[in-house]
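Structures given as structure tokens follow.
Across the two complexes that follow, subunit A remains constant while its partner is subunit B and subsequently subunit C.
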Partner chain A sequence: MKPVKRIIEKTAKGVLFTSSMVTSVTVLLVVIFLFREGIGLFNQTSVEKHLVIAVNSANRVSALSSTEVKSIFNQDITNWKEVGGDDIEIAPKTIDDMASLFTEEELGEGFKNLAILIEKYVEENPGVIASIPESYLKKEFKGKLIPLKKISVREFLTGTEWIPTAHPAAVFGAWPLILGTLWVSLGAILLALPIGLITAIYMAEVAGQRLRNILKPVIELLSGIPSVVYGFFGLVVLVPLIQKLFKLDVGETALAGSIVLAIMALPTIITIAEDAIRTTPRALKEASLALGASHFQTLLKVTIPYAKSGIIAAIILGIGRAVGETMAVLMVTGNASVVPHTFLEPVRTIPATIAAELGEAPFGGTHFKALFALGIILFIMTFIFNTLVSTVKTRKP
Partner chain B sequence: MTRKQLKQIIAFNFFRLVSLMVVCILFIILGFIMLKGIKVINWEFLTAMPKDGMTGGGIFPAIVGTLCLIAGSMIFAFPIGVMSAIYMNEYLKESFLKKFIRTMTNNLAGIPSIVFGLFGMALFVNTLKFGDSIIAGSLTLGLMVLPVIIRTTEEALKSVDDSLRIGSYALGATRLQTISKVVIPVAMPNILTGLILSIGRVSGETAPILFTVAAYFLPKLPSGIFDQVMALPYHLYVLTTSGTNMEQARPMAYGTAFVLIMIVLILNLLANLIRRIAGKKTKMN
Partner chain C sequence: MPDYKVEVKNLDLFYGDFQALKKINFTAEPNTVTAFIGPSGCGKSTLLRMFNRMNDLIDGVHFTGEVYIDGNDIFAKNIDVDNLRKTVGMVFQKPNPFPKSIFENVAYGLRVNGVSDKHFIEKKVIDSIKKAALWDEVKDKLKKSAMELSGGQQQRLCIARALAVEPALILMDEPASALDPISTGKIEDLIFELKNQYSIIIVTHNMQQAGRVSDYTAFFYMGELVEWNKTKTIFTSPDDIRTQNYITGRFG
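Entry: the complex of A and B
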């Protein structure tokens, strides 16, 4: 080979190799960027920036978590002994509450006396807890500033409330969102599985060429329709239907989400299950038929058991699709971040939360980071599903 | 008739019924949107700017925006995807590296679209400082469809008969010559089918462009790759969920959904056509 040719061959190979690395590098970058932003959540508190939490200097409480601060200001916690202090009733005061305690004269021009008044008030009331902007804090403040605990992973995963705009401390409990995601996805799979499997079996084993020629493009089209169109269809057709059928106040429910997702998961389930069923060797089927079994018996006793692992892969992949689906779910589930109890309630999924809130979350803030942390949960969920699929698929029957 | 046969007849008819139900679902969705949408479609709707708080006018900037995103993502993802598939299929033997690349590609394919949105925002918009722009959106979408392109191209290359390769080598061609003169021309129709399918995917995705490019309302055309654009799927989302007068915007939403559906239909038709023509050609050979 001429040297020029050799160089060209080598260069081409290098370029091709580099391109083939793009997917791996992308996966790596996705992980890095998700974690870089998301992990930051556990390094801070969710109390608004520039706010300090002040209590009476005699208060024995050493530190409060963000959730506790929120519960106190919500008056879910009303006594200091609940958070490890003395048996004194808690009097939560925001800066507005504080200002309204005093007359305009006392406050002086431009609230110039407010800092002094706050200090005095905090010192005179043993049960008080005040959230005040740092700028209204007197130098050498005599009260005690309570240190705030950082958001813990456990608090984030198991917290049952997601209120990113709560004042003075936002709450980021992902539990209702995780549950919402699982509910909607499992509902979808329960609906899609029987239909999908039967269609796959029918296409692979029973249908004649003519019907197959209709079904194949139908399924391709179903998988090609954009999710936002499914969401739109769900919103204008399914949601009113569900509302009327079950006599609900709102039709945007987990059920609506599950139905839309089920339709969207059908092509995935059908294609993969059909491929799996087709891999059953002809010899096995013919042996069964030769023994006098009917076509249907062969299907149930030979073909399906043989294709079991492929069918399981189809199911898992279907769930994986459903878990990550964003727009359609966002449009039809009503997005109430509460722990779901029935399928006829609004729910909110992780992808829908990210899509709905990221636009409003200030860049780099706690809320922003919390949404990336949700992204991590989602990523891990789908990663697990993918790994499961490849282990199931490589297992020999 | 034995019980066995009766059982089979009942079961198979039930199977057929369920399969036809799937067909019905598709036709109901398509039919509904087309019937409602076709009334809105006219020349003005396709070529005018939106006006009156998006309850009137047209969707021209959204169409242009989506075309920009298709072009932008394909310019970058198509060559990389095809080259990646060529490397995997033509250069690598079954090895750790091949398994690794395949696993990573599968993982990339499994990442939910909203996570791509987060990633695109963190990397392209914030870290590389592209801002909300066509280039940020295109790169995000391109990375997302990369696995689709790789997979379809690999299938296309696999279906090329090995005897063709061996024949080419026997004539003294190098590996690169064999790939570019023999393998790719034969696999081209199937590679193009993959390209068309990924265009369909790109034109309909909303979640990845939410935070990387999509503009809520921007009645002008982009002048460069660092501009924001409106896009059809996001426009449909906005029209249905967050407009100020959603009832009056409903017809516009039906029209937008109609255009999206038509894009998908036409692309699918095109892909099938190419497949059929290619199929005939190989038969003739």
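Entry: the complex of A and C
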């Protein structure tokens, strides 16, 4: 080989190697980043930074979870015995409540006396619980500081409330978001599946060549429409329609999200299922017809069973697309983070939560990490779907 | 009882603009084997596929002329195509068993034709596999997938599958072209056996095969049925020079 040619060959190889390595490593780094940030959530409490929870020194309660703190300050829990203490009524005080207990004179210039007053107040009232910035905590504080339990994985996954802005302790329960995601996706699949399969079968088996040549590009075109356009369509057309049809207060519901997602998942399902159905060898269909089977019998007993794995792959890919979709869902589902009971309630999905809240979450804070933890859940969900696709696809018919 | 099992009158067939069959006139008697021979693209498979209306499935095919089976015009408006295909069985060039069990492959034709009596199906399946000379090889593994059989066994399974629906006429489109010599020999023996009960039309590229198995031979060339006669006559003293050239291996 000529030296010049050899150099070109080597350079080409090098470029190919480098670019593929860089790509793989980048993808891997993104995953590592996601997990590092997300898992960090379980190493901290949900109380805002520099804030402590103080109680009377006689209080027997030794630790509280963030949900308990939130319930106390919401006055859903009103007695210490509910969280394992004595039978004393709870008096929750934020720093603002504290400050308003005293006159300006008592507080002094620049709140210089506040720390002393707080300590005194906490010691005089056995039922008090106060959230105080560390800067207003007197040195050698005589009251008791209650450590907050770290956020547990179980609490995060099964908690039914997602209130990242609750004061003084935020609540991160991802369950309604997980359910919201699954509900909207499930609804989308229930709608898209029958329609998609019927269309795929029609295109592959019934429609003539000319019609198929028109239909297929049109359907493939559908998948190129930006999702925000689907969302806009859903918001302007579907939401009012659902509101009117079911006589609801708001039309932004799981159903609206499902319908929009179904429309978005259809091109994927139709294209892949149609390709799968068309892979059924002509010889098999002819064998069936030659035995006196009708077109429909052949379709049902030979064509579809043969294409089964491809059809299943189409379905799972459709679901995968639905699960990860953000914008359109964010626009039409109402985004209420409550556990859904019917399709006619607002729901909030994981991607929508991340997109909507990341902008207002302080970088590196608890909320920020909680959103990354949601990202991990989403990653695992789509990972499962993708694994299912590849196992189904590699299975021989 | 009509004189002919199959009768073709003045058949012209086109794929779009291309004329694939030209003024075909042909008859086949019951309980005989007729071989269609000729070079590739001469129209012999196309004609074969007219007899069970398989050409209906191909876009752009149109034709003039008439085809009768047992004296019935098979292109008449009141003909039930599915029923016609039940009475005219077909064996294809490549073995094409369904990806189902051996048993289900043979039972398929019965099931799609509305037979649900289990005992009848079982009896019929076993009968058909026996007739196709496959029984000894598969009797212990009827539940196994048909895809596990060898090519020759698969082709005999396809014949069994065709026999199960009790056709009166069996079309074979180069049934042994994808098989080894031993499997081919078995298929040929089978055709010889089946002749007693069925009429068979077989398309073949293999001159020796035509000579061995058929009673009549028809030679096709460029869409024309050049001549047809008793196999012996065709192979020893053909009328047409083209037939002679083909048989003696000058072309094709």
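Remarks
Note that the second predicted complex is superposed on the first by the 394 of 397 C-alpha atoms of A that agree within 3 Å, B and C clash if a C-alpha of one lies under 4 Å from a C-alpha of the other, contacts with A are read in each partner's own complex, and residues count from 1 in each chain.
Rule of thumb we're sticking to: contacts are C-beta pairs under 8 Å (C-beta built on N, C-alpha and C of every residue); 3 or more make two chains touch, one makes a residue touch a chain.
This is a predicted model, so every value here is computed, not measured.
In the superposed pair of complexes, A:Glu119 makes contact with neither subunit B nor subunit C.
Contact with both subunit B and subunit C is seen for A:Ser294 once the two complexes are overlaid on the shared chain. Once chain A of one complex is fitted onto chain A of the other, the partner contacts of A:Leu284 are limited to subunit C, with no touch recorded for subunit B. Using the contact criterion defined above for the overlaid structures, shared-chain residue A:Gly375 touches subunit B, although it does not reach subunit C.
In the overlay built on the shared chain, the residue A:Ser19 is in contact with subunit B alone; subunit C does not reach it.
Ranked by how many residues of subunit A each touches, subunit B and subunit C are led by B.
Contacts of A:Glu345 after superposition on the shared chain: neither subunit B nor subunit C is touched. Applying the stated contact rule after C-alpha superposition, one finds that A:Leu29 touches subunit B and leaves subunit C untouched. In the overlay built on the shared chain, the residue A:Glu155 is in contact with neither subunit B nor subunit C.
The contact surfaces that subunit B and subunit C form on subunit A in the two complexes overlap at residues 294, 297. On subunit C, the positions that touch subunit A within their shared complex are 52, 54, 57, 59, 82-83, 85-86, 89-90, 92, 94, 96-99, 108-109, 112-113, 158, 161-162, 165.
Looking at the complex, you find that subunit A touches subunit C at residues 208-209, 281, 283-284, 286-294, 297, 301-302, 305-306, 397.
Chain contact summary for the complex, subunit B toward subunit A: residues 4-5, 7-8, 11-12, 14-16, 18-19, 21-23, 25-26, 29-30, 32-33, 79-81, 83-84, 86-88, 91, 100-101, 103-108, 110-119, 121-123, 126-127, 143, 146-147, 150, 174-176, 197, 200-201, 203-207, 210-211, 233-234, 236-237, 240-241, 250, 253, 257, 260-261, 264-265, 267-268, 272. Here subunit A touches subunit B in the complex through residues 1, 5, 8-9, 12-13, 15-17, 19-24, 26-27, 29-30, 33-34, 36-37, 194-195, 198-199, 201-203, 206-207, 211, 214-215, 217-222, 224-233, 235-237, 263, 266, 270, 294-297, 320, 323-327, 330-331, 351, 354-355, 358-359, 363, 371-372, 375, 378-379, 382-383, 385-386, 390, going by the rule given at the top.
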